[in-house]
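Below are the structure tokens for one structure; questions will follow.
Labels A, B, C and D are assigned to the chains in the order they are written; within every chain, residues are numbered from 1.
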Amino acid sequence: MSPDYQSVLEAIQNEVVPLRRTGAVANYIPELAKVNPDKFGMHLQTIDGQGFSVGDSGESFSIQSISKVFALAMVVSCVGEKIFDRVGVEPSGSSFNSLVQLEYEKGIPRNPLINAGAMVVCDVLIEQLQKPKKEILDFIRILANNKKICYNENVAASENKFGFRNAALANFLKSFGNIHNNVNDVLDLYFHICSIEMSCKDLAAAFLLFANHGKVISADKALLTKSQTKRLNAVMQTCGFYDEAGEFSFTVGLPGKSGVGGGIVALHPHRYAVATWGPRLNARGNSVMGMRALELLTTKLGTSIF
Amino acid sequence: MSPDYQSVLEAIQNEVVPLRRTGAVANYIPELAKVNPDKFGMHLQTIDGQGFSVGDSGESFSIQSISKVFALAMVVSCVGEKIFDRVGVEPSGSSFNSLVQLEYEKGIPRNPLINAGAMVVCDVLIEQLQKPKKEILDFIRILANNKKICYNENVAASENKFGFRNAALANFLKSFGNIHNNVNDVLDLYFHICSIEMSCKDLAAAFLLFANHGKVISADKALLTKSQTKRLNAVMQTCGFYDEAGEFSFTVGLPGKSGVGGGIVALHPHRYAVATWGPRLNARGNSVMGMRALELLTTKLGTSIF
Amino acid sequence: MSPDYQSVLEAIQNEVVPLRRTGAVANYIPELAKVNPDKFGMHLQTIDGQGFSVGDSGESFSIQSISKVFALAMVVSCVGEKIFDRVGVEPSGSSFNSLVQLEYEKGIPRNPLINAGAMVVCDVLIEQLQKPKKEILDFIRILANNKKICYNENVAASENKFGFRNAALANFLKSFGNIHNNVNDVLDLYFHICSIEMSCKDLAAAFLLFANHGKVISADKALLTKSQTKRLNAVMQTCGFYDEAGEFSFTVGLPGKSGVGGGIVALHPHRYAVATWGPRLNARGNSVMGMRALELLTTKLGTSIF
Amino acid sequence: MSPDYQSVLEAIQNEVVPLRRTGAVANYIPELAKVNPDKFGMHLQTIDGQGFSVGDSGESFSIQSISKVFALAMVVSCVGEKIFDRVGVEPSGSSFNSLVQLEYEKGIPRNPLINAGAMVVCDVLIEQLQKPKKEILDFIRILANNKKICYNENVAASENKFGFRNAALANFLKSFGNIHNNVNDVLDLYFHICSIEMSCKDLAAAFLLFANHGKVISADKALLTKSQTKRLNAVMQTCGFYDEAGEFSFTVGLPGKSGVGGGIVALHPHRYAVATWGPRLNARGNSVMGMRALELLTTKLGTSIF
């Protein structure tokens, strides 16, 4: 018998509400700081098609680094595991935008879920796709079964104007020969995919791909092989939360990915995908309410992948 | 219906035999270099009590770092999660005996499965136990249901004589105040638990604890809570293979732990524990045959935790 | 009685000729690789106005990082020691273009003679000067008493096209708030001053400023105070040769500065300035013939500052 | 005409007295914390035999790291520059007891004036000398022309009891093969030479060796060649003040060495040696009063080596 997910989500919502004022909204780009910091939403979607929601689960927000998982899935569906010649699969042990490791390791990013790794992924997508921005957006729209998902051009422009650290990373990668295209083109694509806006509902729907061994449920179509899906889940498990990846594995026990827009998506293979949103972040850049909500979820359900 | 594990193990044995000459036996201590480098064994034990074996699965070898998991389980059963005040749960992103991170992070080891972390665990065990060496051995004997498991005093003495890097780590931890007992006492315990000898059969039997939500099957006794077990599995998943933790998650997809004696143990929660032994190591210190055997196992069975 | 400098220079030339084929010309930008690698020149200029030359001492070459000393002298003459709020005076212990230290030290470059430090100096010069490029060139022309000294626009353009590592550094500094102007403007000025071409004669003449307690001999004008001059010499001594600063102090014993164009300038306070040129570099980016020639100089003269 | 050194020293004393309460006495070993923190002494000794003193210049204190210069001078007098096969001459850019660089650079310390480098020097001295402790003490007694100079056994024992970081360094060096003798023997010698007690008068007298091109004035005997002396001065200049070496060059402009006992010795080649003592240290471990006193000295005399 399936658990009563709706009751569980409601209980979680009650428990995380007191955290609503804890942490700080990302403000390194002005556009992100405009969000209402008190929002909270959560949506769980099972692989047999049921959806459960609480709070602001239908409201769109900036997915930021969660987009790295979509870009990775797309590049793997295009070129397979060849991508891992240019980017590793090891946890970085450092913050998401560190240049230190990149210098010691000669321009090969530790994994595709830190900024430098996602830039290499973008570089390959530029080579592989005719119209990268359009095709990536289409890919995500199909996964989420929602044609209204869009880039936020203001956020992308804001990143472009203030994203000096990312410009440093992209130029650094280029200096090691691990960016093949023009640096500005890569940054433009990277900033755009980070600016995509989706709701918890959209994200949970889209991440069912990874819970459903690579098949899009709505389209009944395999985008990834079983083996590829398993591997992407493993990468999310070990690398999806910057220098808090161990902590998330430890307390939540599911593969997932967070973004500085306050979103977190996780999945239980063969069961469900779940997305949370709470704009205030902890010191390591992960949503305070989201981290707690997902810890409560696996505790209350009594199941994790471990 | 349960898979035909015996056939799978035999097929794996055939495929890994050609790797028998690849890699090099650990030689940083003379005692370890004495092993026959061509050995290979594998044993899989299910939670419903069945065992399957190929090769030298009954032969004992030096478990080395695999012992860190036993020490961690024991300390958690003694003091609970308080241990994580003194050692983290994040992957280190560096090699198992690096001092660099320890300096930057003021003496708090990244996780309990690198050398520095295991020394802190040993330090706590010395405080908690009356006769640490005896009690730890008893604990492992119960887990493996084998009273013949022993320390190898020659290996422990060899480590003590040549283990300057470990002595550096222990003194460094002490300088940060994260070792409370005498440095030599901590090193002595640490070197002893590394010297324990077990067979693949013993290891698979003992690791059933982690596949069986913390209960010892033979004794029908809970040593760890469900939540503790889940968390230890998560730590193994993200930290069990030094700087190859991501690679192991990626290709194998199970929580586990390796040792420089050539052993690897992994487990599929609620299903089985599996141990392999092949003394030749890859550049990162993990058994060449073992890594390949476990990759083949989850591929052939078509299941991993992801 | 003054030493017979001319004989000393000729003896040195004879000894360094056999090194003519040792080392490799800088080729990270195509324009620099076009130089004739077998050139050698040396010029020594005393503070009482005598000049001594051997080899290609009148031929102009790309001064590259030697320009950092001129930029530093100019910024100190403009804003005094306030510049040291934004850049340190400590040796870096790492290579000239490392980003690692900059990350750990939050965007404050170790000293003004590594790339990052020189970029901060350029940033201040852009704020202080009406026409930075013109005024810096005029400053150097006055020091060297040679109006023909010029930028090489091809070299500057080549740096701009291929200088991704420098672009990474400048963006990284900007991300820490230690570049106030537009990143591209700072890089443009930085690449231009590196592209300046001077001969050994020009360089020795210009560096007399530092041997002559801050007074330009030809113009009889104080550009720097005695104290400022002493301090710039100290910075050259500890930081002028990247990660070979200690070696240069050890074997030569004079303050100086090298460039990847193969030039080295050094000075003995109150006595002379001396410049060498040999395009082939050792592994640390310093001229093979130049390093040897200057070691021979202080050995043969029997005097260094130590 | 020689400057009026006595008046200069008295003026300096007046200016540094107000700093008497600034900074903190070294307390990492209990014995050092027992000193009266308000002491100040200064002694300048010229190569033509004159001595000038103010304050507590005749009182002995723990020379600590200043002893590294004596050990280095002695090893160079024994084995010449062969010592530099096992230790570098580059500034470290990090603190005196960092293990980070040692790990990256495979056990070759950056220079002989950081702890790790001095331990390698001690290791060589153990091999070279019959009775290392006695002979080193004799060497220093001859340099200072004072037979009463002694080890402080309490300080050495205190270091031995609490010096875990140094024990970590020594074991780490041993693990790289850059300690040949027993680790404890090397540490014992190292702790002993650090425990030597000398006054400002003793230190200035002893350092005349380096101002006097390697000749002991009292004994009219050459212990070092001119070239060796020049090189040791260069090493002091670039490496004598941990991560404040650049600052000391910049503000004082003389080669020298500091110790956490609050002593600093510096020298002007061919002119004088000067020692200061003030137990309170700045954040980088150098005497607050001493740094200021020496800056005032070269400012008031209007001369430095630059």
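In this section, a contact is a pair of C-beta atoms (placed from the backbone, for glycine too) under 8 Å apart; a residue touches a chain by one contact, two chains touch by 3 or more.
Treat the numbers as computed from the prediction; the structure is a model and nothing was measured.
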Every chain in contact with both chain C and chain D is listed here as none
Chain centre separation in whole Å, for chain D relative to chain B (CA means) = 47
Could you put a whole-Å number on the gap between the CA centroids of chain A and chain B?
-> 32
Taking each chain's centre as the mean of its CA atoms, chain B sits from chain C at a distance in Å of 55
Residues of chain C whose C-beta touches two or more other chains = none
Just say which it is for the chain contacts: an open line, a closed ring, a star, complete, or other.
-> ring
Here the pairs of chains that touch are A-B, A-C, B-D, C-D
Could you please specify the touching residues of chain A with respect to chain B in the complex?
-> 88-94, 101, 110-111, 226-227, 229-231, 233-235, 237-239, 243-247, 249-251, 253, 255, 269, 299, 302, 304-306
Contacting residues of chain B [partner chain D, same complex] = 98-100, 103-104, 164-165, 167-169, 171-172, 174-175, 183
